[in-house]
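Some structures to go through are shown next.
Next, two complexes with subunit A in common: one pairs it with subunit B, the other with subunit C.
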Partner chain A sequence: MPSLPLWLSNTRSLIGFTLLIFIVGAALLAPVLAPHDPNEQDLINMLLPPFWVEGSDAAFPLGTDSLGRDILSRLLYGARVAMTVAIFATLGATLLGAFLAHLAGYFGGWVDWLIGRIIDVWLSFPPVVLSLILMVGLGAGLWNVILAIVLVDWTRFCRVLRSEVMVVRRRDYVSAARLLGFSHVRTITREILPATLPLLITLMALEMGIAVVVEAILSFAGMSVGNEVPAWGQMIADARQDVYNAPSTLILPSFAVFVTVFAFNILGDGLRRSLDTRLTQTERA
Partner chain B sequence: MSLLSVNGVSVAFANALGTFTVLDKLTFELQPGKVLGLVGESGAGKSMIGRTIAQLLPNRFHVTEGDLRFDGRDMLKTGAAEQRALLGRDIAFIPQEPLAALDPVLTIGQQIREHLDHIGRGAGRRPERDWRKVAIEALDAVHLHDPAGVLDKYPHQLSGGMCQRILIAMAFLSQPKLLIADEPTTALDVSVQARIVGLIGDMQRRHGTAVIFITHDLRLAREICDDVLVLYAGKQVEFGPASEVFERPGHPYTRALQLAIPPAAGEHRGLFTLPDRMPGLMSLKQMGGCRFAPRCPLAEARCHEVPPPDVTVGPGHRALCHKPEATPGIAPPPALEHRHRDPDAQLLFRARDVSRHYITRARLFRKPDTFPAVRSASLDLAEGEFLGIVGESGSGKSTLARLLVGLEGTSGGTMELLGRDVSGMDRGTAAFRRENVQMVFQDPQSALNPRRRVGEIVTQAMEVMNGSRADRATRAAELLQEIGLSPEMAQRYPSQMSGGQKQRVNIARALCTVPRLLIADEIVSGLDVSVQAQLLELLLHLRRERAMSIILISHDLSVVRYLCDRVLVMYRGEVVEQGEVDAVFANPQADYTRKLLAAMPGEGAPAAEKFAAEEAFA
Partner chain C sequence: MFATIMKMLLRRLLVAIPTLLVVAALLFVVLRLLPVDPAAMSLPPNATNDEVAAMREAMGLNRPLPVQFLIWLGQLLSGDFGMSIAFRRPVWDLVSEALPATIELAFLSMIVATVVGVAGGLLAFYFRDRTAEAAIDFSSIVVLSLPEFLWALMLMLIFGVWLQWLPFMLRLDPQFERPVITGFLLLDTLLAGRPDAFMSALRHMILPVMALGISASPAIMRVLRSSLLDTYQEDYIHQARLRGLDERRVLLRHGLKNAFLPTLSLMGVQFGFLFGGTLLVEVIFSYPGLGNLMIDAIRNVDLPVIQIVGLAYCIMVLVISTVVDMLYLVLNPKLRVR
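Up next, the complex of A and B:
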């Protein structure tokens, strides 16, 4: 497949990427695609089953929940929250984590020591506890969820990347760049970052999956977006009381979370493989 | 009866483009307990011979004709299971990269135990205590310190020399009849190399093992081998007793390789530089006559058309050439004129009592533990002078180089460049130093950014000065021209170049800003002698054209003797001796210098005796 870029010429990345195009498409086009207003309550049509079950209504293809809201529309809108959190939380965690990782790995010495100690302290809190403490402190809300994820997960980036930066930093071409008059900033951005980028991208894909799960958990606990915004975790929470007579209300949003996380993970895994082989080819051939 | 007999064996590689012969009609024998050397440039097919004998050919390679007998067995007809059993038991391997051959996630003990199981002497039959005892004895036999401790270590916690010793110990565990050692010492420095070679010889004599020793170092081959096979582009061009082959080479290629090596002692002479490179696999098909003809100094019309005959040139000594009798006539170019220090030359660089301590353990409220990598080194360098720095690995050569270029700050001492103090690390000093001093790094693999094109790499210095794209392209072409590469190479990535070409790029990058002093750290180690000779010629050419000074760090003393005016000997961070090259080589003052000189292959006593093997590894 010569027309595909290298990072996609891998079945795993391709599957992940295709799934994500659909999910992002659904999120972007939710207002167009959704047959109903996701918050519109239709008390006559409560707990309608999805189309493959007898007694369904063609106007609500995936059925309705206990308040008669259209599940398909809520899933589509829920994708918006999931994607927003995935993208912004990951960007934030990446920026913070990668910035500190490059500082620590490149300069070493006391900078590294200091950043290392901060990470140690951070990691001494279990991540779930830390995010709950943060959410209580920050209060509910979409941007606070994002902030909490950033504050919890930047250490993951920082730790993994820091050792990678240290490996690259020891290569002679980095010393050579300094000798040719490159400033520290230029050396990091032009010589080191390109080498750590594959790992960074892979970590980002995985982090997006994690962010989707964390958002689902927090909205399940009612700590994410308010009631007026549909989110997958919330849908799962709402479906709890009807789990026996309308299992699809629980299964469908869970499945949405699962597919999204799966897509991110398989993309990350595929990226890691193809970027790794590219590296082994250029660096060892 | 011979242990191994190879008769007309050819090996081919098949892909979509066709079938290519990799090894062409090899014919040689190996007697039990003897050492056969395989020599030739990299890519000639040396390792492929080893793999063919062990029946470990990579995918898509297969033997197309001939007869291969090991210990009376027809190797080409034995089944896969039998072959696997033979390997490791009757045939042992010591690969080129010791670290790659050991499993990084298993301890040395676990790996030895697995190996013992494989050869059928392991834990399966003996109690737990026993395999440890066997392993410890084996490690003790290769003079490893604290063998019991080593068993619990992982490969990355050990030095290259130690890993190589472990592999030797494992190879001899099964008392094999044949040992194939693929460049076992290329990655190690002279003194470690001498010990490893001594060790293999020792074990070989003790167990009566036959050895196939693959190396590109002719001096080493001469020293340890009974017979030698010279390989060129898959052809066996010369075969015979080592003394015969090296005293009276029948093939021009053998003679050319010999003359490409700077002599370690005696008369100075020029280096014979073989032009170009060995033809690649794909182009061999089009070559009708002698494969060496394009590079052969004796080539004539028939050489290009008629394949040369296998001529007997002495007792048991054959050469594949139309006119082997003309070979002794190939003469080396005249010796370089060794210059003595010009008293009027301007002083370029001066270092006084420079030292560097590394903190090995930081402590709160107390002085940290330090390790002195360089202690009180002083040197003077005149404009246009070539200074060599020699010493074994870990002696502080690279650290001193990094101090001189300013990649690291000193812990004490002063440095002056063109009369200006450059001991500090401030911006102005750094810029001044950068303009005048540049460095060529040791390992081209690590020194060239794999993501940049060659054109970008060599003009990297202009990136900071915001040189325009067109300017950079012009400058890149100039630089590539100067170091003997074609301008089209600018579009390549480092991975698309050979080792010698990468090293040229490495040099070109340092030349971009026209420095007055070039510091070259081990830039020819591990390269073929032919490539080494080409690079040394390049440095001499640069000296003529640019009147540059060079500090050449090398563990190969003959290279320093050939190229440099003065030499500085380092041992454990200290400068133990310095002086004019001829004086130091003829009349070494320091004990360490004498030892270093004696450890050179091809000089004096056999390798085994030069360095007592039980000496600790640095």
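Up next, the complex of A and C:
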């Protein structure tokens, strides 16, 4: 058997990665796979049950919601929103958080003090509350959701990475690089970043899961991508009124959120183990 | 020790004041991004343009943003929290009715989170390097992967809708009159001498409390386990074993006692997140607290309410982390002699 790259050599990473390939595949192929337009209403076929329940219709394998929209198609299109947010919000939060963390950890002094105080202010805001308020100010839309998550979650990276940078900075090879006349920028990018990268990658996997949850929360509260774009959180919110007669409309999108977050979490856990970083467990809140 | 605690409280207060000022400024600026006119919104729809202009003048909306912020801050400090646009009631009344409910919910959830988290951490540690640990570890990832609002919905579906064991709407069965003494319902029902109403209120809290408590527990569990692993490197553990204590006694008397402190110091942040989690859980269970107030205010673009509720959340998070730090000082034996 050809050997897998190190980061996939762990069973957990492999499980997470495999699940994610399926989810990303479903998101990319949504226009091909979806049997219906996700917004198409079929008022004759409202609240049809999924295929394993009697009375289902083969044209709607996972049933329909209270407006007769196909659940399967909405789930597939919802995966696009979830994945787009997961990828771009995480990239943004990583760039901003890692940049400030390296700045604070490397230079110390007043830079570190200032960034530390900003983090304190951010930490006094429950993330859900801050992201909701940001969405009130920014207005609905996919890129605004991504921006809101970036502005809330950069602190998760910054807090953890900053202390890692401070440890790495004291290593001999970093002093050696400075003595050789490396500039600050070169020292950070060539000597420090490679050492903090494993932690950064692990945090990114976990952050993608968090981003999926935050998007689901925002769209559940009606403050995300807007009504015309199918999103899992919104499907969950819509299904609340039908918990008695059509619980599957609630369970299916909840399960989609769960599987996606689980995939990111187990991937992150596997990466943490195989890359052996000093991530404290509490950062996964 | 009393002096240490006072010193800590004073330091916390000194940090809290600038923090809250920045938070208030942030709230103010973000909500001014909105393309709505607070003056027009606080008047009846048939108001004339002149009336709107007069209102803008009265509200100070023609002045530069920093001046507006200072005006708002001055009002806050003088105890004027403004009027809700949607409810036509003072914001202070709305918040002071909702806050105790959220505090009760958060407090009970923290207890459940601690109990489940500590029990899980002890079990995971007790079975370390065995299959059972892998199972506990795996289930902690599963629990972490279901966010608290989905826990709330699933618990509601299973125990409320299907099994019909527990109520999942509001705070009391309809036959009970709500006594208002302190504002804390559980306390009020007891003070009013209504154990039946107390039981009803308690039953209504089980599902939301479980949802919040369970989803916050894995983090506590994981910190406790790794902290126990550190503790077991210490000499006093070997010493206790050499004295012939059985493993359980070593774990509870020596291990847990020492490993709990580092866990506690991390619970402050954890409980801050939990407090934020109450928002959606309240919405799901129609629980009349800050979360429902916030969502109502957001739906109605009720700026005065959004600002104050946002501020209330931040104050509560600061209070929680201060209380946890205080507990840390009280429980830390190193400070006992002073």
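Keep this in mind: the second predicted complex is superposed on the first by the 274 of 285 C-alpha atoms of A that agree within 3 Å, B and C clash if a C-alpha of one lies under 4 Å from a C-alpha of the other, contacts with A are read in each partner's own complex, and residues count from 1 in each chain.
One rule holds for everything that comes next: a residue touches a chain if its C-beta (ideal position, glycine included) is under 8 Å from a C-beta of that chain, and two chains touch if they have at least 3 such contacts.
Model, not experiment: these values are computed from the prediction.
Visitor: Applying the touch criterion given at the start, work out whether A:Ile266 contacts subunit B, subunit C, both or neither, answering first, second, both or neither.
Guide: In the superposed model, A:Ile266 contacts subunit C only, not subunit B.
Visitor: Based on the superposed arrangement, let me know which partner A:Leu123 touches: subunit B (first), subunit C (second), both, or neither?
Guide: second
Visitor: For subunit A, which side has the bigger count of touched residues, subunit B or subunit C?
Guide: Touching more residues of subunit A than the other partner does is C.
Visitor: After superposition on the shared chain, which partner residues are touched by A:Ile236: those of subunit B (first), subunit C (second), both, or neither?
Guide: second
Visitor: Examine A:Asp172 and indicate which partner it touches, taking first as subunit B and second as subunit C; both and neither are also allowed.
Guide: In the superposition, A:Asp172 contacts subunit B only.
Visitor: Do any residues of subunit A touch both subunit B and subunit C, and if so, which are they?
Guide: Common interface on subunit A, subunit B vs subunit C: 281-282, 284-285.
Visitor: Name, in rising order, each residue of subunit A that touches subunit C in their complex.
Guide: That would be residues 120-121, 123-129, 132-134, 136-138, 209, 213, 216-217, 220-223, 236, 240, 243-244, 247, 250-251, 254, 257-258, 261-262, 265-266, 269, 280-282, 284-285 of subunit A.
Visitor: Taking the touch rule as given, give the residues of subunit C at its contact with subunit A in the complex, in rising order.
Guide: Going through subunit C, the ones touching subunit A are 15, 19-20, 22-23, 26-27, 30-34, 141-142, 144-147, 149-150, 153-154, 156-157, 161-162, 219, 222-223, 226, 266, 269-270, 272-273, 275-277, 279-280, 283-284, 294-295, 298-299, 301, 306, 310, 313-314, 317-318.
Visitor: Spell out the residues on subunit B that touch subunit A in their complex, using ranges where they run on.
Guide: So the residues of subunit B in touch with subunit A come to 402, 405-407, 431, 434, 438-439, 441-443, 445-451, 460-461, 463-465, 493-496, 509, 512-513.
Visitor: If you look only at subunit A, which of its residues touch subunit B in the complex?
Guide: Checking each residue of subunit A against subunit B gives 171-173, 175-183, 186, 190-191, 194-195, 279, 281-285.
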